[in-house]
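Multiple structures follow.
The same chain A turns up in both complexes below, where it pairs with chain B and then with chain C.
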Partner chain A sequence: MRNKLLDRLGPLFVVLAVTILRYLFPNKISFFTEIAIYTIYVMGNNMLYGYMGLVSFGQPFYLGVGGYATALFLAYVGHNPLIALLLGIVSGLLLGLVLGPSFIRLKSSYFALINAALCAIGVFIFERLLIDITRGNDGLWFRSNMTKLPILDIRLPQNFFIFVVIVLFLALFVYRHIDRSALGTMFRSMQNNEEKLRFIGFDTFKVKWVGFTLAACFSTFAGSLYAINFGFVNPSLGENSRAVEVIVATLLGGSGTVYGPFFGAFAFLGIKDIVSRWITRWELVVGILTIIVLFRFSKGIWGTLKEYLLRAQRRM
Partner chain B sequence: MDLALWIPAVIFGFSISGIFFLVSLGLSIGFGLMRVVNLEQMLYYTISAYMTYTMVRLTGMFWLGLLCGVIIAAIVGFAVETQLLRRVYGRPMLFTMVVTFSFFLIGIGAVQYIWGLSPKPVSSPIKTMIDIFGMQIPLYRLLIIATAGVVYVLIQLLLQKTILGKAIRAGIESPENLEALGININRIFTITFIIASGCAGLGGALNAPLVMVGPYMGFDMLLYAFITVILGGLGSIKGTLVSALIIGQVISLGGTLWSPLAFVAPFVVMFIVILIKPTGLYGVKGVV
Partner chain C sequence: MTERDRKTLLQVEHIDVSYDKLKVIFDVSLSIDEGEVVVLVGRNGAGKTTLFRTIAGFLKTDNGAVRYKEEEINQYKAFEVAQKGIRYIHQDKHVFSTLTVRENLELGSHANRNTEWGPVFEYFPKIETLLDRRAGNLSGGERQMLLIARALLGKPYLILMDEPTEGLAPHIITDLTKSFKKINETTTLFIIEQNLPLTSQIANRVYCMREGRIVAEIGSVEEIKKISFEKYL
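Entry: the complex of A and B
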């Protein structure tokens, strides 16, 4: 009974941790806002990598699509940030539904590489093809177009932090629900043995499609939040060379777990923050970190922590 | 149609194909034989280009630099295969991809540490222009095409005529049966890998005068190598050649038509081919 309650309250703990940390380090507010957004981004990748066993080298593309959906709406059409965020999710939904059927037919290596290609095409579209409306590399600024929301004025950084934390709570809640549901079990079993799942009588194509679409939604939503956080977007949001960062963060936190993305985002952005004070280009550190995690530490932070907690509980 | 514009474009396209073929060979063979998508191939390409730059700076001899680059690339490839890749054979595809990609990142970091961030120019060793149909074509471009052709012929001879080549081909078909015949498959892997990384190194050294030698040159090339290999089908050398020829022309002719096409057209071509035929043009069925 008690354990069940603790399990239910998991998302709340995470959100509380972020909030407490934010008030302990008041001048690092943008850092903690970014952690909350990045967690949602990593959740999208974790859905693909950790649950379904698909690696994608093109996640920034989805981030870029979400960001541009939000930015274009706010810059040209409307003024309400909430509708803009909703559009971010809708863009992910559409992407997933349209691209899904052709993408999920591909086996793991082709899936990874076609996403990388998609990402390159995406940067081209944002930077060159639609230059008249996206303003290319100059970026699209829209902060002044946002209206004040009734209760929380999210144009201010401290209020936006509160907003993002609430959103993170909801996202984690949904994510936990998916993980515990039959759908989550199907994702996991697909990674183990897809044929067997089909044999039992599930339509693996549909399961994959749903998973891909959900992952796209999480990623584009993170992109929208990024756009509103910065107040502008430029094509570097969807840049190809950043594709591996989110994979590293997923691995670091523990792939295939509910709270892994949070720990991964926290650890990854923390390391990035510390390292980039000394080294401006920090590929070396990212690479070494990944190899260590992959070979010696394959469960990630949350996976290891969970094991330890379970063992401690059993002893009690 | 303006011939003065299109004939050089076709020849430039072929020279791009030559480079792509040399660089993607390792990716393709590595997949076919070892079931590893070894993304760190581009590291050998980068290192070799940098070695060429260093030797040109020190001695002024380009061809010595090229030789050094190929040898260093082969040595690094040997070290990586025996120390790192041997630990990942047989693991899931996504695991090996992430491992090799992070190793590639480490290599880029090391290159930045040794040679710095700023791009380095390498001057072309042959400045002669050749007259073809009244058009001035740089001899160096033709040389690249010839080199790639020779490498393709040599590799086909190696695979078709020698015992080693037969073992490699058998390994692509079924590694278990090869081991059951009493052939040391690890040694086959190592030799193949050294050849592949040497080819990537050759591509890098030959490409050094055509592009700026910079730490991120491997990143740009990685995308094109991806496309080449995927379009041709992972694991097929003939497929790699054919798709390199297609991609080279698409880049060169597309770029002549409308310059942004040079960047995006290859991706679009690959996209379409993959969606129609998921294994690529000559892909090995069922193993991906």
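Entry: the complex of A and C
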């Protein structure tokens, strides 16, 4: 009973932790805002890799599409950031529905590579092909076009933090619900043995398609939030050189878990933030840490922490 | 159910099956009636598993037809065959090891829209005590019970079991044999089995397979009890 209650309150604990830290370190507001957004981004990759065992080297593409969907709307069409965010999710839905059927037929390494190729194509589209509307590397600025929301003016960083924390809570709530549902069990069993899932009577193609689409939606939504946070987008948001980052964050946090993405985002951005003050190539430290985590704590931060907590609980 | 009441549930008619250009099943025909326990015996490489995988929809036939309840099912995909009421339990005893026993059963429930676990626990009471255990930590016998339990959800008409007792301890085989008899009261069983004494205890009919062909069909209980079909292997 107590465990169930704690489990249900998990999303609340996460947002409380972020909120408390933000007030403990008031000059780090942009860092904590980014952690909340990056968590949603990692959640998308975690759904693919952690749950279904599909490695994608193209997640920045989805992030970029979400960012540009929001930015283009706010720059040329409307002013309401909520509609712009909704467009970000819709862009993920469309990507999932259109690309899904062909991508999910591919086996693991091909799936990873086709996504990497897509990422390169995406950068070309954002940077060159649509330069007249995306303004290429100069970026697309739109902050002044945004109107404030009825209750909250999310153009202000402190208010946007509150907004993002509420969004993170909802995202975690939905994610937790998926994890505990039959769909979540199907995703996890897919990684275990897809063929056996078909023996039971599941159309694994549809299950994968749903997972792929959900993952795309989480990623594009994170892209939309990034766009609104910065007030502009440029092609670097979708660069494939950043594709490994989200995989590392997923591994660090603990793949295939609900709260792993939060810990992964926190650890990854935290290390990047601290180490980059002293070393230009901060990736070196992240790389070494990833190797240590993979060999010593293969379940990631949350997976290992959860194990210790369960052991302590059994002793009590 | 009397012999006369029995209807044909599954009919395999002159099928050939190949892996690319390599033909492994040659002109195989057989039939399974409702309520039977039919055992398929044969040496390794005889084509038994290939035949099961073909019936379950994982392999397509080159020629011939597989009919289930008089409907041709060759064209169906594996998950559609399962949804029609044919369950296939693979010989590797592979459960979803990272999931709990409960989650494994939930998958079966969800696939077949059947949440009644009571009858399944009647066959395998032990499973009810293991619900929160990770399926990867189960013993071979427990895994087999879980696989059969999961297959039984949704009340299938026919279960294909590929060497269900392979590698299990004798006392577990005895327990499973009793369960097979109980399950057979409501479900037809088609089993691949290398254990000939066990075959003689449970089978109503035996098909012998050799080098991709059915070489004998034994329907006499006396013949089966005497394990006279051994000569065809």
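Note that the second predicted complex is superposed on the first by the 316 of 316 C-alpha atoms of A that agree within 3 Å, B and C clash if a C-alpha of one lies under 4 Å from a C-alpha of the other, contacts with A are read in each partner's own complex, and residues count from 1 in each chain.
Throughout what follows, a contact is a pair of C-beta atoms (placed from the backbone, for glycine too) under 8 Å apart; a residue touches a chain by one contact, two chains touch by 3 or more.
Note that the structure is a prediction, hence the values are computed from the model and not measured.
Engineer: Would you mind checking whether chain B and chain C clash or fit side by side on chain A after the superposition?
Structural biologist: Fit: chain B and chain C sit side by side once superposed on chain A.
Engineer: For A:197, select first, second, both or neither according to whether it touches chain B, chain C, the two together, or no partner.
Structural biologist: second
Engineer: Taking the superposition as given, does A:182 touch the first partner, chain B, the second, chain C, both, or neither?
Structural biologist: The answer is second: A:182 touches chain C but not chain B.
Engineer: Counting only touches as set out at the top, which of chain B and chain C does A:102 meet: first, second, both, neither?
Structural biologist: After superposition on chain A, A:102 lies in contact with chain B alone.
Engineer: Identify which of chain B and chain C touches the larger number of residues of chain A.
Structural biologist: Tallying touched residues of chain A, the top partner is B.
Engineer: Tell me which partner A:89 touches in the superposition: chain B (first), chain C (second), both or neither.
Structural biologist: The answer is neither, since A:89 touches no partner chain.
Engineer: Touching A:118, do we find chain B (first), chain C (second), both, or neither?
Structural biologist: A:118: touches chain B, not chain C.
Engineer: Once the two complexes are overlaid, how big is the angle at chain A between chain B and chain C (Cα centres, nearest 10°)?
Structural biologist: 80
Engineer: Would you give the minimum C-alpha distance from chain B to chain C, in Å, for the three-chain superposition?
Structural biologist: 11
Engineer: For the complex, which residues does chain A have touching chain B?
Structural biologist: 49, 53-55, 57, 102, 105-110, 112-114, 116-118, 120-121, 124, 128-129, 240-241, 244, 247-248, 251, 281-291, 294-295
Engineer: Report the residues of chain C in contact with chain A in the complex, numbered from low to high.
Structural biologist: Listed in rising order, the residues are 56, 58, 77-79, 82-83, 87-90, 94, 96-99, 103, 106-108, 110-112, 150-151, 154.
Engineer: Can you check the complex and tell me which residues of chain B touch chain A?
Structural biologist: 31, 37, 87, 92-95, 97-99, 101-110, 112-113, 117, 215-216, 219, 223, 226-227, 230, 234, 260, 263-264, 267-268, 270-271, 274-275, 278, 288
Engineer: In their shared complex, at which residues does chain A touch chain C?
Structural biologist: 182, 185-186, 188-189, 191-193, 195-204
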